[in-house]
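In the two complexes that follow, chain A is the common piece, with chain B as its partner first and chain C second.
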Partner chain A sequence: MEEFVNRRDFLRTFSVIAATSMVAGSMPWLQGIAQEPAGRTVRLGIIGMGSRGKYLHLMLEDIPDLDICCVCDNYEPNLSEGLQILGPRARGYKDYREMLEKEQLDAVVIATPLHVHAHQTIDALNAGIHVMCEKSLALTYEDCNDMVRAHQNTGKILYVGHQRMFNIRFIQAYKMIREGRIGNVTQIRAYWHRNTVWKRPVPSPELERHINWRFYHEYSAGIMTELASHQIQVANQIYDEHPECVWGAGSINHWKDGRETDDNANLVFKYPGGSHLVYDALMSNMHHGIEEQILGPLGTMELEAGKMWEEFPPPAPGILSLINHLERKFFDAVPIGGASWIPDSAVSRKGDWIIDKVLDNDGSKMLMEAFIADVRSNRVDSFITKQGFYASIAALMGHHAIQNNEIVHWPGGLAM
Partner chain B sequence: MVQVEYRNLFSMGTRMDIVLPGIEDDHADRLLATITDQLKRLEDKISNYDEDSVISELNREAPIKPHSIDPELFEMIVNLIDYSERTLNLFDFTIGKITGSKKIPHKGAELDKNELEYLISNTGVRFLDTDPENFSVKYGSSSVSIDSGAFGKGAALDLIKDILNNDKTGPCFISFGESSILAHGIHPWGDSWKTGICNMFTPGENAFVMELKDEFMSVSGVTPLNLQKYGTGHVLNPRTGHSVNNHIQSVAAGKNGLVTEVLSTALLCAQKEERAEIMKNFPGYRAVVIEYDASGQPAITCS
Partner chain C sequence: MFKDTIITATQKKNELFIFLYCFGGAFLFNIIGIIMYKSPAKELITQLHIVLLLSLFFYLLLAFFRVLIRLITLLVRKVRS
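So, the complex of A and B:
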């Protein structure tokens, strides 16, 4: 059975996973967190104190030598709640620019609606402040590109909130895939099925678009940027590529409540070499839940379930020798009941655990720890930026493919 | 090199290896799909682990009143009653309350002596009343509970044999957990499927070779690994409720999977003098019992 692990166990387990140089070299985003944190206090502000901002604060609050000194939100109830959570010493702002200007910040965490990520991130980076921005990066290719350019030009950290990169189960899976345990990955299937309206309560009608921004094209690409981007990131990392192109369809076939963004989507992302990510999302049925299925000629992994199955469990020794005899037109006895035979002992086809440990959260805690560790040591690694960038671009490609009913190719002239 | 297709599946908590020489891979996949589908249907019907299965429902209802079941399962139960009687009741599929109890030796505990004696005296096929008109079964004792583990694999292989016959599949060798074998047709390069029963003390050596020609074979046994894993044998003698604990293998072969399953179990529990008597009741079937002495030397008795 899986066993929950905390930070110390995470690091111990990670150090075991990373024991081979091949693996350690392929996981640069984890190098910062693996080091002992230095004593310098990091001053941090949070921009956006909605549900995600509050959750990220929870992930941050017990990190030593971290001073979460200010919070910004242009929605009064969120700002008040944020100040209450941060305590009497914290300062609150309605305008993030004022916060960046007045506070001597080392870093900010941005957990705001998608359409404002770009200018908030770029302004913070240009002010010399490290940024952890929630996924997806932005609503347009240009904004995503500008954010990455700002990261490159300023030399400041730009983390993107892909917590699966910090989930020990996913890390172990990457290692096993790199080692060839399921062979070359030939297909990834990912789905996110939920049976939910996905709508947040609105105190008064004029706030509908402000609060339920995920439903409106002006602010969000809906399923693609808010859900699919996580799973696209997983696929990109496993294929070690970004997709070449995508086609697909989406619609609103259930939640016809005035929303503009789709409540279902089906897409195929084509990767170099001819492998695909087959993606679908649905908001009117939760039977299948969420999963990323990694398929190769030697096995299958289900990363959310944390299980793997060998494609060809080796036959019993007697059966193997029978096959060899038959292939060579040789006639001999099939030995049955060899040394390992235990009559009537039950076996299971329930799959094997990818790792018998699981984080006590979805990886967000380690993501925050890694970000703060990198800020503290001023360690700028673009791997995670690249992952977030590619996932964001691919999510937007999917959105355009659905919107315009066309095959959308990877755009040229990008910063990475 | 001859094309040999190999497939495996898991059913009834057991792995099944399927070897299909001289067959196209599409054909093998189609067969596997049919077999998987039919085994799932059978398992849904007879599983003791699924509380919604027909057998589970029968075990709940039949002690109270006659309970009707589908004709296929009814016929199987009628046959099993007959087979049980022909094995001098040494094959007993009604002792599910004992085999399913957590208080049996290989699960690390023992039933209280009085409790065990009560269960033994109140189980057996004599407590099963069948009504062929209504396809119903009534248990004459609340201690009776059908244990499909005693016959499920044999029933599964019979089902597969029908599939292979209907499909006109060529020779095929199927091992269900290395204890239940279906040797369909004959080996393409020989005159039978020679199946070796490994010597449990001497790796790589066969204690006996059974030649199967379009037949089934079932092996029951108590191996050193059995005893090491459970501390005791896993087969219960239905007369005593106690485990068979000596190093022994019983092997039965013939034209029906259910019967060979019944025979190998019964012969494992039978006294020496009873074995021949049991086999007389099953014309056309053959069996061997392999008993190992303290030094691991096998002594083989053929019937």
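So, the complex of A and C:
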């Protein structure tokens, strides 16, 4: 099993980053986790015990003074499995409203299909319960807006599951970017390539839409809300803005199995100041995998690989430069005429690690630790809500741009 | 089976001097590099490991040619006699 970074290791590394950084104060979403646990037991319920719900439970299970007392899922096999995982003391519900009403909960984790996030989140917040909702927030602008309004009106925490915000590698990169290590970011390129059907096995045909909800417009915006929203959040955070507009194209060109949502998408998000996020997703080739490439006049970062390249690395020592010069003079071919242009070949240097590889993980564990720490101390910070909100709106904009074949602008009248 | 050989003190002294010349040559190489590429003067010290490797390279290169010349001289003497 993957080794997850524990809270102590995370805080030790974060304190090193913060101690050497002028920008630690601009990371408000990390302030809660840095506090010592108060010791009050938090009562938590999980809504949605599918694959993501089970994974989040794994992230939660060894947090001290946390009582995961109930679980809710309207799909019987998931509910039974959830109860089995939680143990005999846990109670199970098929209706989340009943769970919110009967249990004295401090917080809920929502890991359900996208189209039900909104009413579950709003009902929980209105019941005075803190919420950690998986990304994206919702399927429509209006639902996203209503969720954020409920957070603002109730003063309750609304976390959104953007785990890269808690990945120490991304935090270090964010700090380095803020310190100007790669100059002003002029472009971000992000892609997510898989070669997988992305389809869950279905025990009977009538459950197809229920289980494979990511494939149907009624429940999901597919690639945009399930994959791209993560990378849009990273771009938003780095640009410290939300996109002004987006255009692009998408289609189903490989997995023609009855799905409605695209299996490939190519988009350009335009940010204030003229910088772009160039995005593409593909479900029929995994050669390039997943990456967010941050480009500036002084350097390049690849956040998933955890590496950076300086545009102008410090020169080699004089003696080595002289040896290289002589070597080239003796052994290189002699050009007959001068080249009229030099090919812009890609840089082949190995680059430097952004941070120690030992601390490599996806950030989900620290996200859950931070959520519970904030619930325990009743610390409401809207930064993470705003990040989730902006990423969700931008993902939906991308979806509309593809669907309607038009340039979609940032909608007006939003809650944030 | 193996013949005992004697390396005289003069031979040892000669080899040591040859290596010192090589080291001097490599050190000069470092100075030229620093001047040509406007590198910091501290490289006179920090790049000593490269200087040492380069002097070893010079010494081995020289040894190769010395052995070659000696073999040719021996061969010529043998032919003449």
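Just so it is clear, the second predicted complex is superposed on the first by the 369 of 416 C-alpha atoms of A that agree within 3 Å, B and C clash if a C-alpha of one lies under 4 Å from a C-alpha of the other, contacts with A are read in each partner's own complex, and residues count from 1 in each chain.
By our rule, contacts are C-beta pairs under 8 Å (C-beta built on N, C-alpha and C of every residue); 3 or more make two chains touch, one makes a residue touch a chain.
Just so it is clear, the model here is predicted, and its values are computed rather than measured.
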Have a look and say if chain B or chain C is in touch with more residues of chain A. B
Per the contact definition in the header, classify A:Pro313: touching chain B only (first), chain C only (second), both, or neither. first
Just to be sure I read the superposition right, which of the two partners does A:Ser321 touch: chain B = first, chain C = second, or both, or neither? second
If we overlay the two complexes on their shared chain A, which of chain B and chain C does A:Phe331 touch? Say first, second, both or neither. first
Common interface positions of chain A, toward chain B and toward chain C: 315, 318-319, 322-323
Can you tell me which positions in chain A touch chain B when the two form their complex? 313, 315-316, 318-319, 322-323, 325-349
Give the list of chain C residues in touch with chain A in this complex. 29-30, 32-39, 43, 46-47, 50-51, 54
Could you pull out which chain A residues touch chain C in their complex? 315, 317-323
Sort out for me which residues of chain B touch chain A in the complex. 1-2, 4, 6, 8, 10, 13-15, 17, 19, 21, 149, 173, 175, 177-179, 181, 187-190, 193-198, 200, 203-204, 206, 209, 219-223, 225-226, 229, 234-235, 249
